[in-house]
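Letters A, B, C and D mark the chains as written, and numbering starts fresh at 1 in each.
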Amino acid sequence: MKIGVFICHCGENISRTVDCPRVAETCEKIPGVEFSIDYKYMCSDPGQKLIKDAVEIHKLDAIVVGSCSPNMHERTFRSAAVAAGINPFLVEIANLREHCSWVHEDVESATQKAIELVRMAVEKVKRDKPLSKIKVPVTKRVLVIGGGIAGIQAALDVANAGYDVVLVEKEPSIGGHMSQLSETFPTLDCSQCILTPRMVEVNQHPRIKLLTYSEVEKIEGFIGNFKATIRKKARHINEDICSGCGQCVSKCPIKKKAFSSFEEGLAYRPAVYIPFPQAVPNIPVIDESVCTYYRNGKCGMCVKACDRQAIDFDQKDTMMVADVGAVIVATGYKLYSIGKQPLGSKYKGYGEYGYGKYKDVIDGLQFERIASASGPTSGEIKRPSDGKEPKKIVFIQCVGSRDPAKGISYCSKICCMYTAKQAMLFRHKVHDGEAYVFYMDIRAGGKMYEEFVRRAIEEDHVNYIRGRVSRIYEENGKYIVKGEDTIAGVPVNIDADMVVLASAMIPHDNAPGLAQKVGIPYDKYGFYNESHPKLKPVESTTAGVFLAGACNAPRDIPESVAMASAAASKAIILFSSDSLEREPVVARVNEDLCAGCFYCRKVCPFGAVEVRDIKDMNGVVYKEVAYINQGVCQGCGTCTATCLSKSIELAGFNNEEIFAEIAAL
Amino acid sequence: MDELRRFARELLLKKEVAAVIGYEQVGEARTRPVVITDPDECRRLVLNEYCLNNLVVYLNRARIKALARSKEGIRKLAVVAKPCDIRSIVALIQENQIRRENLMILSMNCHGVVRDFGCEFNGDNLAAKCISCNTQSSTYADKSFGEVREIPKFTGKLEYDLSEIEQLPPSKRMEFFREQFDKCIKCYACRAVCPLCYCQRCITDKTIPRWIESSSHSRGNFAWNIVRALHLSGRCTGCGECERACPMDIPLSLLNRKMAMKSKELFGYESGKSTDNPTLVGSYDQKDSDELFM
Amino acid sequence: MDNKEKHIENGWEPKIVAFVCNWCTYAGADLAGTSRLKYPANMKIIRVMCSGAVDPVFILKAFERGADGVLVSGCHPNDCHYNAGNFHARRRWDLFHALLDFAGIEKERLQFSWISASEGKKFADVVTKITNDIKMIGPFKGYQEMNRQFTTEFPEQEKEKLVQQCTEAEAVNG
Amino acid sequence: MADAGLTYGYFPGCSQKGSAREYEMSLLKVAGKLGIDLKEIDDWSCCGATSAHATNHRLANALAMRNMLLAEQQGLETLVAPCAACFNRLITTKAECRNHPESKKDVEELLSASVSNTTSILNVIDLFDKASNGLIGSGRVRDMKGLKAACYYGCLLVRPPELIDTDDSEQPDSMERIVKATGADVVEWNYRTECCGAAHSISRRDIVVDLSKRIIDDALMHGANVIIVACPMCHTNLDMRQRVMRRMYPSHKEIPVLYLTELIGLSLGFTESELGIDLHYIRFNMPNEIMNQTAQA
């Protein structure tokens, strides 16, 4: 094998501390190296031409480039190799810049190290095998998990591009948190007015299959070829027959047993209910836990009320399987539980604010419902405890957020804005009301956001106090909010009628559970990790799984929508060809030597290892061996290291190559 | 003993099993493994304190497996296994090497075995693995023979004490093991008797690349013995056959025992306890210790 | 004069190998470079796809090839590019480290870390620390002596030749 | 936590022998009756509170550790420190030595002994919580119904949250659970974990009187007829300083302040003087219902 070594100066970036000519000279003496040269900019057009020419003149079989990190220019040099007629996997990069010249000062030792790095690459390339990209077919259908604004946007974008979508929502209706909001910042337009047309569009779109009251049970497979199992929970209503007339709902005798989760516990709902009037689909659900029929087999008022016989008490959960090529995860967020610390929770809670103990200490979403025209008070600002109009409301920002002592260090991003909005709405509705906001900093980065907050302060006269609140307690029907004004440097006591806590956005409790089903990593809070924080913000690290909205980090509506459209376009890009090409770095089993212990199967994070039977001439299985599905394998190599009989090799990083690198030390 | 013979004979007569793997007496204080397919040969079977071999190793041998295979499919094999040997069976089931349903386990209520053939069975000559044995019978057995008796109290002396070696400073420990491993002649008897060393091709026989040097220098010897112990970590059930088989008297079970202790200490794992347990290697707990990692 | 000074006075520089995962630690090492952080030049990196792909025998091989210290580094738990590779690696290293420790290999010789792509500083710190640790305990004589020790007695001249041959053979066969 | 038949080390601290000797009297009586064996550690010394830890950090650590070391040497795995300040000093030093090896080394040098730092530390609430339903309930001879108790935790028993294993530093429940086991009612009130002024009692009486009065007034406003404490300093400020409050605020309404152990003692049938309740400044009058019960018994 004839190897060419090309040492790049990277202007002066490498050559300042590494004696590049000497490296090239020394490396020429390594057995197998036919040609060695150094050059100012190897990645430049003349540099690449130098490589091509050298390959031709010296009949090179493989090349080693001593340059910057392979993360920068491996692709460049592989393309150059291909242009010169060399298999792209017979190219190795010795990282002389990030791992050598930039981190060392002494020329002698840096040069010595550079030589050794090149030698290691040469030894590896000698054992490299030509590889070709793997082709896998693509199922052109997307699974969208979560029917909030992000999921809705993603589903519509994909469907409008002409591809099928399966949209799964765990609640009885799509709409998510956005459907609960009163008005949105910074324009103060009505949330439902802009959302409901999109919800209807989803329901009517011929390419969207909407599965509400459903959850993803498991996802198998790999990019282009996922198989999702979805549990459709029993609604106890026959969806095909139900006309959504709501007769059953109005006749249900259970009036005050269950709180409406849509109304954030501020109102009751019957046992058979539609979460909110604009729900999509407009089909009720029977809540078994409170329905009289499920307790004693009696009642049946809803059955009598329904003139289409749509009530089906015996309905069971059903499972269905969807073949999809890409998954968009848009599962959203929930609010930090701000009451007393729940048992076993990693979040400390704010016992000192008395949430859960005092009825008029509420969280941001509850205030949204109170302020919403469709809410339990029809949009009039009233206290939950006695229904009176509060004249003085204290808003507290950063409840949970930016408070490592309570378990969360991050900023929830939207609270500054929605607090300003809520204070403003209160001032608009209660003209003689006083609004106070305790804040740590005001973070209003966004188009028209800062102006919006200034408007709250200057035009609507919301009192902003910079400082934290230490305690809230009830005294004579008032809530005494004890805080500090850190600008004036004085303690502040406000006797409020109502307190609104802008609590942190956190992932759903089962976010890690879903991540494990889908096979994507998450951070310590349970937010799903993007593949690259800057350049791949909507890709998860699992190929073919994309992220949209607040399941990734706290996001506001425009960001969630932007992410959703980005995720949709990533899926559409994937569908632009009929098959996918992927890196050939995959593991392969030597079936002759496999002992069939299946440790590889146990460690494989992707379920890529399958069982293959080896039969004797009578057709009796006498041995089971491991077989790795090339499409599913992501090439981590954990199986190769676990295999006791060393019967698995990872292409591109096989054991011989690594041994050669070690030997070249 | 008679009961075992009768039972085994019945199994073969009724064609419930293809063969019985057991022990036969040779001389006064010695037994050897025997594979019986003829019902009448069952009278050769014995059960006593000299049944040292771990017969489980044969279950995974190609020739024995072939006995069980016929045109109709797989037939059962019967194996005589001490309760401690059954742990190896459990481990092999966990590792997909044998299937419980293809097996008839004939066990005994064990009261210990001798440390080597030819010794008189008493407290002085008790095998090391029996000293603190707590598995005198096994729930995995299909049938157990013999009556329950106490294991004699150990009155002899062990050649190497694990805790003493643990106390040595690292350099002394390395010296100790190097001296021991230097004795190794790479006969691989340890591998041949080990029920869990079932790879078709052992890592040490792999030449492209050469994983473990087989030439006769300390480096290769060290690597072989370390890798042997590593590959058995969390798997070895402590039958001690490797040490008994070693012609150079290398105290191999020291390493195995140490790793078994570590597995228990770090992960609460004991190999061969239950077929329901996930294997130690091949599973993980998010809460595994992070102490080692900077 | 402490050990470290003694070893350095002899002009000895340790040889250290790092097996690092492609996604986190290799990228972290890149960041250390981009940030122009400085660390000793003793460590050479071998890139693998995941810390879960590092076979313990690689480490023995490194020692056989004269490494005085070895580092294995990957993504933080729950941050693995492959979801769980590092969890499997962690168990493997817990066991292997215990075994080497029992066999008398100093704990400093084989070290482990989790370094993410954003922890360039940590990478530089870890390299500096491990280099200093190894400088303190000196060359890995225990292993390097074994390299020259045959279990069968050969005449002195023959022995030299054999060592030479063995070394060359390995250089080719790996 | 507390189990009958177990032996616990007992670290009294200065207050138990002086200003709060009724706390010790009642604790020992109650423990004896419930079968909790408290063994006073031999040769104990100051815990390092207030003066030491305000002036010399090393001395404060060494003093606290000295007592834990004594417990260790005397074979006592668990140490009960009824005084909240002692309790806080001990756990603080324990945590510091656990988290900072250099502090541990320093303390070991000062004490000329090596320390394993494994003694577990309990306050009185810990001691009776969890076991309270079983032990106190079964030993109870008087139902304390009619008492409306305001449980006051103060600061040192619940803070800092990272060191203290409590259900919730801001809304604790543990003392209430114990009080309910005696049959007494608990009132919901606001100042359960506010500051009483603590050691400023001596240097800045004015501050303490104001702070403590707030607490007392809030308890009264929420209908309490007794305040329950588990800290000698809280007791001093809330009980003794009411005499000053009476002088400064003519409208001040008095409320008796009992140690938690005294309340338990009453429910177990001890008399007020056995428990030292008659050593307080504000008189505690047993409600009639309870008195009648005693008469019947």
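Here is the rule we use: a residue touches a chain if its C-beta (ideal position, glycine included) is under 8 Å from a C-beta of that chain, and two chains touch if they have at least 3 such contacts.
Just so you know, these numbers come straight off a predicted model, no measurement behind them.
J.: From chain B, what is the lowest number of touch steps before chain C is reached?
T.: Shortest path length, in steps: 1.
J.: Tally the contacting C-beta pairs at the A-C interface and at the A-D interface, and name the larger one.
T.: Pair with the higher count of C-beta contacts: A-C.
J.: Sort the other chains by how far their Cα centres are from that of chain C and give me the top one.
T.: The most distant chain relative to chain C turns out to be D.
J.: Using Cα averages as centroids, what's the distance between chain A and chain C in whole Å?
T.: Their C-alpha centroids are separated by 36 Å.
J.: Can you give the whole-Å distance between the Cα centres of chain A and chain D?
T.: Centre-to-centre distance between chain A and chain D: 49 Å.
J.: Taking each chain's centre as the mean of its CA atoms, how far is chain B from chain D in angstrom?
T.: Chain centroid spacing, chain B to chain D, equals 60 Å.
J.: Would you kindly tell me how far, in whole Å, the mean C-alpha position of chain D lies from that of chain C?
T.: Between these chains, centre-to-centre, one finds 56 Å.
J.: Which chain B residues touch at least two other chains?
T.: 203, 208-211, 281-283
J.: Of all the residues in chain D, which ones touch at least 2 other chains?
T.: In chain D, no residue touches at least two other chains, as defined above.
J.: Indicate the residues of chain A shared as contacts by at least two other chains.
T.: 603, 642, 655-656, 659-660 - these are the residues of chain A that touch more than one other chain.
J.: If we use the touch criterion from the header, which chain pairs count as touching?
T.: Touching chain pairs, listed by label, are A-B, A-C, A-D, B-C.
J.: Would you pull the chain A residues touching chain D in the complex into a rising list?
T.: 340-341, 348-352, 354, 357, 405, 471, 473-475, 480
J.: Hey, which residues of chain B end up touching chain C in the complex?
T.: 165-166, 168, 170-178, 182-184, 203, 207-213, 215-219, 221-223, 226-227, 229-230, 233-234, 255, 258-259, 262-263, 266-267, 280-286, 288-290, 292-294
J.: Across the complex, what residues on chain C touch chain B?
T.: So the residues of chain C in touch with chain B come to 56-57, 60, 64, 77-78, 84, 87-88, 90-106, 111-114, 126, 129, 142-143, 145-147, 149-152, 166, 170, 173-174.
J.: For the complex, give me every residue of chain C touching chain A.
T.: Per the stated touch rule, the residues are 13, 15, 17, 23, 26-27, 29-34, 36-41, 44-50, 52-56, 58, 61-62, 65-67, 78-85, 88-89, 92, 124, 170-171, 174.
J.: Okay, in this complex, where on chain D does chain A touch?
T.: Of all residues in chain D, those touching chain A are 161-162, 167-171, 190-191, 194, 221.
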